[in-house]
Amino acid sequence: MNWETILDMLPLLAEGAVLTVQLVFLSAAAGLCLAVPMAIARVSNKLWVNMWPRIYIFFFRGTPLLVQLFLIYYGLGQFEAVRESFVWPVLREAYWCAAITFTLHTTAYISEILRGAIQAVPAGEIEAARAIGMHPNQIYRRIILPRAFRMALPAYGNELILMLKASALASTITLLDITGMARTVYAKNYLPMETFITAGAFYLIITYALTHLIRYLEKHLHPDRKEPVVIVG
Amino acid sequence: MNLTNKLKEMAIAAVTVFAVSASGAQAADKLRIGTEGAYPPFNLVDANGELQGFDVDIAKALCDRMGAECTFVKQDWDGMIPALMARKFDAIVASMSITEERLKAVDFSEKYWTNKLQFVGKKDMMLDVSMDGLKGKTIGAQRATISGEWLEKNRAGANVKLYDTQENAYLDLASGRLDGILADALVNYDWLQSDAGKGFEFKGDPVFDGDLIGIAIRKGQDDLRMKLNKAIKDIVADGTYAKINAKYFPFSIY
Amino acid sequence: MIDLHGFGAQLLAGTFVTLQLTVAALIVGLIMGLLGATAKLSNLSPLRWMGDGYSTLVRGLPEFLVVLSFYFGASQVLMAIASKFGYDEYIEVNAFAAGTAALGFIFGAYASELFRGAIIAIPPGQAEAARALGMSTRQTFFRITLPQVWRIALPGLGNLFMILMKDTALVSVVGLEELMRVTSFAVGHTKEPFTFYLTAAVIYLVLTSVASYGLRHMEKRAATGVRELAP
């Protein structure tokens, strides 16, 4: 084990870690915002409402993230129309392409999680809300969504961790996240064990921190509940 | 159960996939050549999946001259030297520059062509390639190449983006994500001739010339090195080199 | 129709390699999963720690990083281990082998948790009855436990399988000529990234849809005779 090399690469990998965490939190937050309307549309009984989320989810869950990333980064850049448009300054940057792709990807998964949670809200509560004359908007805002969010939290936390791991793909479009830095460092030192084990350690530390953050949030929202069961996989 | 039997069959097939090949000492007549396949016109993969290019032709000519049976192994650029060291192949003919750093890990043959690094950029855009001119500009290069390292050392103010393959870098230059690319002048030259490279041109003079391109082999293989050097001298002397050269460039690149 | 500029045949060949990799990694993954589960349920605490450590570690690492590590590091590690046993020759670890090992290793970490939960879910009375009938531990495992574990774990395993199929795209970065890599070659040639990456996406959609349909069918068959409350 070449400790000197490991010490040398720590500042670079730490820089990469900042980028990784930024991307993960950005896409997790944006994904949550987009997933709420999508999940609500998905549970609708009307076909012309629920078919759009279904198609979206089908595409983003049925294809690898790598393909989605390349499609947006390289694929969209192919078209003159895109390059001349007002979105180009955004799509031009690998950072935003990654953020957008990760957001779109995670939205599909989070909306399925929310859908399950929404459908698990006890029917009796919704009936009661209707009986006292609440408007569907109110029912959603006051009854369904708060319950659903709390139920979805463990699974959302899971998805956060999956997002962290998926973020490693940002390195394939020139971004210098943890994996990107590791590959750049490896290209010069030819020491795979030292380089990739150190990079892995960074991910494990962040995962550990995230897991504890989620557990804290769960306790905070369910002070009465015992340890919730988090099933990964 | 039929399922169990089928699983057994597939398991045996999977284990065979892990075939541990004890290759032992390479017979002098068989040589495995590693090349990338994503570096036109020196090495590329055509529509039939076949390796083509200057490097491939030179390697075939050298093997002919040495009386060796050559097979080609495609390898990603990032893993080129590690694969050589792990004995996945015996020689790298992929337009690899002879550098001090690489010499720490591998040996090289004599040069088989000479390289320069040069910038390319959009035709109607001014690109001042001096230290000051490139401050804040986004320049692309392939990871693990001397272009990348040169940019790091000599143009610290520039925003350098590293790509897995040269071709991806060109894609981004064409779409406007990069202000310029630094790469081997000849690879740039080839791209500028293509449709995609139409609106682009060289910017400034070559910034680094006298870069020697050699064949990398594992350390301590003096025998192989001498054989390669002799073969290189031979094909230059008898005109084979000139013929291959002419196929790709109207000027000599030796 | 979309003009594939003659790369259609290569794309199909790449798809075939993708399928081969998926199957190979699945086999490795199932074996690792069963071994991991057995370790976690073992009476020996070092084995339990190893099993738990395996799961926890791999679940915290990006698949992409694991693939890179296996590819770049495997030769080194294997040769170091082998030389301890006196074997000093070259050990070939090509992209397919590295990919299979990496993806199977990852699959096994998640699967071991699924198998563990499934094994625990089988009423211990059944194992006792089997023992009373004179069956050996091995017979009990293969004839009583495993078929039921299969039924319980199938939905979770199916999910892991779909993820595995998509993760094969990662092995393209280390040079395996599966679908994604062939697509990148075509893009390099034709400079039409959108066309080709969209085609690749469609092919993956077909693969995952077929797999999903097949899995649902298998789940129905595995659950024959098991009465379930209406969902």
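Which chain is which? They are A, B and C, in the order written, and residues in each are numbered from 1.
Throughout what follows, contacts are C-beta pairs under 8 Å (C-beta built on N, C-alpha and C of every residue); 3 or more make two chains touch, one makes a residue touch a chain.
Small disclaimer: the values here were computed from a predicted structure and weren't measured.
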{"item": "Distance-maximising chain from chain C - centres being C-alpha averages", "value": "B"}
{"item": "Pair exhibiting more inter-chain C-beta contacts, A-C or B-C", "value": "A-C"}
{"item": "Distance from the mean Cα position of chain B to that of chain A, given in whole angstrom", "value": "37"}
{"item": "Whole-Å gap separating chain A and chain C, where each centre is the average of the chain's CA atoms", "value": "23"}
{"item": "Geometric centre distance via CA averages, chain C-chain B, whole Å", "value": "34"}
{"item": "Residues of chain C engaged with two or more neighbouring chains", "value": "72, 76, 173, 184, 187, 191, 193"}
{"item": "Multi-partner residues of chain A (at least 2 other chains)", "value": "74, 77-78, 172, 183, 186, 192"}
{"item": "Multi-chain contact residues (two or more partners), chain B", "value": "82, 164, 168, 171, 174"}
{"item": "Touching residues on chain A, where the partner in the complex is chain C", "value": "58-59, 61-68, 70-71, 74-79, 161, 164-169, 171-172, 179, 182-183, 186, 192-193, 196-197, 199-200, 203-204, 207-208, 231-233"}
{"item": "Residues on chain A engaged by chain B in the complex (per definition of touch)", "value": "74, 77-78, 83, 88, 92-94, 172, 174, 183-184, 186-188, 190, 192"}
{"item": "For the chain C and chain A complex, residues of the former touching the latter", "value": "57, 59-65, 68-69, 72-73, 76-77, 110-111, 113-114, 156, 159-160, 166-170, 172-173, 180, 184, 187, 191-195, 197-198, 200-201, 204-205, 208-209"}
{"item": "Chain C residues within the chain B interface of the complex", "value": "5-7, 10, 13, 23-24, 27-28, 31, 71-72, 75-76, 79, 89-94, 96-97, 100-101, 173-175, 177, 184-185, 187-189, 191, 193"}
{"item": "Chain B to chain A touching residues, read off their complex", "value": "78, 81-82, 85, 101, 105, 140, 143-144, 161-164, 168, 171-172, 174-177"}
